[in-house]
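Labels run A, B, C and D following the written order; every chain starts at residue 1.
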Amino acid sequence: MAYEITLITSMAISVLFALSLNFITGFCGQISLGHAAFMGVGAYTTAAMMKAGVPFIATIPVAAVLAGCLGVLVGIASLRVRHDFLAITTMGVVFLFVGIVRQQDFLGGEIGISGIQASSFGRIGFMAFCLLLAAAFAVFSLVIKRSWMGFVFDSIADNEDVSRVLGIDVSKYKLIAFVVGTAAAGVAGSLYAQQFRFVGPDSFGFVESVSVLAMVIVGGIGSVWGVAVAAAGLSVMPLMIQFVDDYKILVYSALLFSMMRWAPDGLAGIVNRSVKRIRRRS
Amino acid sequence: MLYLELLLQGIVQGSIYALIALGLTLVYGLLRILHVAHAALFTLGAYLGVIVTNATGSLVLATAVSMVVTGVVGMAVYKLAYEPLLGKPPFIALIASIAMFIASEEIFRIIFGPYGLSYTNPPLQGYYEIFGGFYLKYGEMLVIGLSIVMLSILGWLSGNTRLGVSWRATVTDPSMARAFGINIQNVRYLNFFIGSALAAAAGVLVALLNNLVEPTMGSVASYKALAIIVLGGLGSIRGTLVAAMAIGIIESFGTIYLGHILGRDALAFAFLILVLMVRPQGLLGAK
Amino acid sequence: MTLKSKLLGAAISVGLMAAPAFAENVKIGFNVPLTGFAAADGESALNGAQLAVEQVNAAGGINGDMLELVVYDDQASPKEAVPIAQKLIEKDGVVAAVSGSYSGSTRAAAGIFQEAGVPYISAYAIHPDITRAGNYVFRTSFVGEVQGRAGAKLAGENLGLKRAVILTIKNDFGQSLAAGFKEAAAKFGVEVIGEYEYSIKDRQFGPIVSKIRSDNPDVIYATGYFFTAGPLVSQLRAAGITTTVIGQEGYDSQHYIEIAGPAAEGTIITTSLDRDSSAAETQDFIKTFEAKTGHKSDMVAASGHTAIKVLAAAMKVAGTTDKAAIRDAIAATNLVASTGTISFNALGEVQKSVQVQIVKDGNWHHFAVIDDAALLAPPTE
Amino acid sequence: MQPVLEVKNVTVRFGGVTAVDNASLTINRGDLIGFVGPNGAGKTTLMRVITGIVKPQEGEVLLEGRSLLGMSINQRIRAGLALAQQIVQPLRAMTLLENVALACGAAKTSNPLVAMRSFDRSAENQRAMELLTRVGLKDAAHSEPSKLPLGYLKRLEVARALALNPKLLLLDEPLAGLNQSEAQSLADLIKTLNADGLTILLIEHNLREVMRICPQVYVQELGRSLAFGPAKEIMARPDVIRAYLGGTVDA
């Protein structure tokens, strides 16, 4: 059973991570190519604190706060740049994060931190905990989407200049999206450190940032359930398709490309269109 | 003396970056797409260069073949992948492009093997002493020389021919260009051809300096070139050249004097972020 | 069929894979990077391991039972390695496993194998923490620091080169090698006059080459892999720098010589595989490997080969598939393998001599052996 | 009585070019002022100084005695300005009703902590429907903007601006791009809004409609205030006529 437990735990962590980016990119329209950096902050926080003897549970809020603080910094910086400039700036953030972590001896430098203690949850307990957090954030996302805050996010994602002309303090809302999204990514990082009991600088780089963005876009940008399904599926796909062995990354990338080429609105778009078609027929 | 040498090394690296990033700028200027898969064409160019050189013994022929074939492949990428995505939000094309790039690395690995290829008789190894203690490798001289020649030809073409003028017009204002009867589709094909051919040339040159082409050789180019065109101001050709040189030189000095604080990539991006905070529109970008 | 239904299909197939596997053969797990940046080493390691399995089976298997290698691609990533380790243990029911991968993934998997009480041997990953996972984890190659120390002795004592520049590849491999070199340098009168770092993605070393020329060292201790060292050394030589280059097992591949071409001549490395060894096992490996794959053997292939051979020998001694018995047999190993005579200390670290090879006429050849037991003592805890 | 808006001696230079040169303008409660001038007169620039896109080198802009300079656009809107832009910018992923309802919810959106706890949109939807009815878009309330003609979107801009309960409504060429009858009916709407008590500054090229509905005009030429007063009187002045004939002749 442990294998299934590991898979489900990985899925839950990926779902939380992808939903955290969805809050920023999907809801508020701020594209990020560097989201893994915030997961890294959370993961390193938990790893370093647990090494110092702090129990796992106590490290999670700290991870969230530190990731959120970095999120505010990046958020403030990102207020100055837009669209493609923002995308590349956030990409720079993740390279900078990895570059800095590599040089920190107290974070294990290139070697990373290993031998992180197991939590007191037990494996099934930890899986349940991850599922719970992912579900809680999904519900939170759905609530926000329905609220006036979600309404404002929609307008900012649509056209931030117009939002300003309607009297909306766009900067404030963007910062909130950044803080919430990055803090949640920090929590996902905490879980990651506990799941793999090992963190290293290469685990939170550009490739991971692109993968999580791919989850959000394949799911259907902004759609909570679409992103959750995509994250769950894509996170374990390389393991699922081990039978194609040598070709698995090729299969993965071909699928990703086909999705963008023929169904750019993601899983959510496919389902919405099918539902409409069925309704029209009946 | 050392500073001068490091500066020169920066220029060599900058020239390579410029050749790669230029194609990216051309695509961005025309289509507003961050064309990550451009780096795959750079790798393709390098593979073709080595394979043809090893088969024929002629580096010149190999470079020509590589540029032409890669240019045509670039046009095909536009036709098959980007054209259908033009009306969609820009990140769709970005993710599609990233997917193509990842797939390309796998295809190179599956076809040519994971170990990469080398020139059987590496051409142009050796160096020339310009003056007392100041050396330049043949390969590096070729990099700088060829970059200058190609960029000059490009500059001349765009300034002095009907083709070039319509091309620039399209980049500046597509709707206006259409009104003047310019066939935008042809301009786009031309754009992809030239950009991809330049990337192929860069690939051949890099293969020459390293004597190694490998499936993952485009990975650095894929993101560094994006950083460069953004630093230059997205869509500005002159900005791209300036940014490429700046990044090349910063990396050159940084590797030696700041390497123990921040790695090469992190340095380049730290510089990028700093510049964008002061000038959100990039070095030479229009506001 | 839409993408969504494909994904659903994939999810369902998890259930199918859960079906118990047929167990006639003795299964050995093997995690190895077949895709991604480490795919080249992965292919070598897999070839070496497969050769060992064929040889063991041709010689009658494990007391009559055939060995079967269960191979999964871990992309050298810890994230992939953890579920793979679990899959090997639970779904495939392997009696033991070998890592043909880098440190990150090996380290992450080691903990899982230890917890499950499944013997696990790291073929060539260098990170010291791997064997610290517990008593079921072994390593048939050198810890990074040990090999770094051997490099310092090679420079200072064997070659008498005192002013060294260190070039460190920025990952755990380079960092631990450089640390070992620096630790032992003073002892052999080697002075480190410059230290530079580069990334595993770098292939262009122009600035470093210029700086090395101005430093004018006696020796360059450059950590790296064949795909970084090849371009580095060819660029050094193309710039007219003839200083001796000392490398390590990362260079140990015919591909290094192909990439660097004539510039490779004279490169000296510390490694595990001695091409000119008089040991029959080593010579046999070199010959059969070339015959099987059509290209020359290297350290990674020999290490994969050695790890499987060590495991097979221990299983034969244990005479059962009981994992604790196999573990005990591995711990008591004293076997002549393709990479030398293998025995383990209390931590599961190998104790063997370091081979020094040099490139001569386009091939790796014997240069020296370093067998200073005190210097090469691996960590014991 | 305190003026609604005071523009005092505003000067804007771009590089060496002076776009607005010492311009002044006062708008009182209940005014409907037509802001006219030939091309290149600096109308747009002055408008942008009022909305905050352009920072003046000299001068002052006061809304009910409060300086606007140093405020961001959204703060100015909250302070009581509202803007209907020349180039229509609907939120394209939303229906017209949602476009207006969002603007109606200013009380909820001004504080994010309130926004995240508020879910009910019925009051805002109701008010948005009234406003859409008032500008004549009732039937299109549930349509998406991309499917509607320009005339509708111009009215949407006005409805969204009205939703903010502004002290001063800035209309930037609302009639541009519309045909004769569309322009006339929108101009009528503007006149009605003013008659209902709204203070309006109307930047407009369409002199005929301006003369028809605006009691007062403000004329700017080459960045300088040229004339300000009752429309008929001003437009009869020789210097104003010369400015127009010398510049581009407008319809």
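Everything that follows uses one rule, which is that a contact is a pair of C-beta atoms (placed from the backbone, for glycine too) under 8 Å apart; a residue touches a chain by one contact, two chains touch by 3 or more.
Being a predicted model, the structure only gives us computed values, none of them experimental.
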Required steps from subunit B to subunit D (each step between touching chains, minimum): 2
Most central chain, Cα average position: A
For subunit B paired with subunit C, centre-to-centre distance based on mean C-alpha positions, whole Å: 35
Between subunit D and subunit C, distance of the C-alpha-averaged centres to the nearest whole Å: 73
Mean-CA-position distance for subunit B and subunit A (Å): 31
Numbers and ranges of subunit C residues touching at least 2 other chains: 35, 170
Subunit B: positions in contact with at least two other chains: 106, 260, 263, 265
Residue list for subunit A, restricted to those that touch at least two other chains: 102, 246, 249
Overall pattern in which the protein chains touch one another (line/ring/star/complete/other): other
Chain pairs that touch, as defined at the top of this document: A-B, A-C, A-D, B-C
Subunit B contact footprint on subunit C (complex, rising order): 35, 37, 39-40, 42-43, 170, 195-199, 201-204, 206-211, 213-214, 227, 230-231, 234-235, 237-240, 255, 258-263
Complex contacts: residues of subunit B adjacent to subunit C: 1-2, 5-6, 9-10, 12-13, 16, 106, 109, 113-116, 118-119, 121-122, 125-127, 135, 137-140, 206, 209-212, 214-217, 219-220, 251-253, 255-256, 259-260, 263-265
In the complex with subunit A, residue positions of subunit C that touch it: 2-4, 6-7, 10-11, 13-14, 18, 34-36, 71-73, 75, 77-80, 82-84, 86-87, 89-91, 104, 107-108, 111, 127, 129, 132-133, 170-172, 174-176
Subunit D residues within the subunit A interface of the complex: 51, 72-75, 77-78, 83, 85, 89-94, 98, 102-103, 105-106, 108-110, 112, 114-119, 121, 160, 164
Touching residues (chain side subunit A, partner subunit B) in the complex: 31, 77, 80-85, 87-89, 91-93, 95-96, 98-100, 102-103, 206, 210, 213-214, 217, 221, 246-247, 249-250, 252-254, 256-257, 260-261, 264
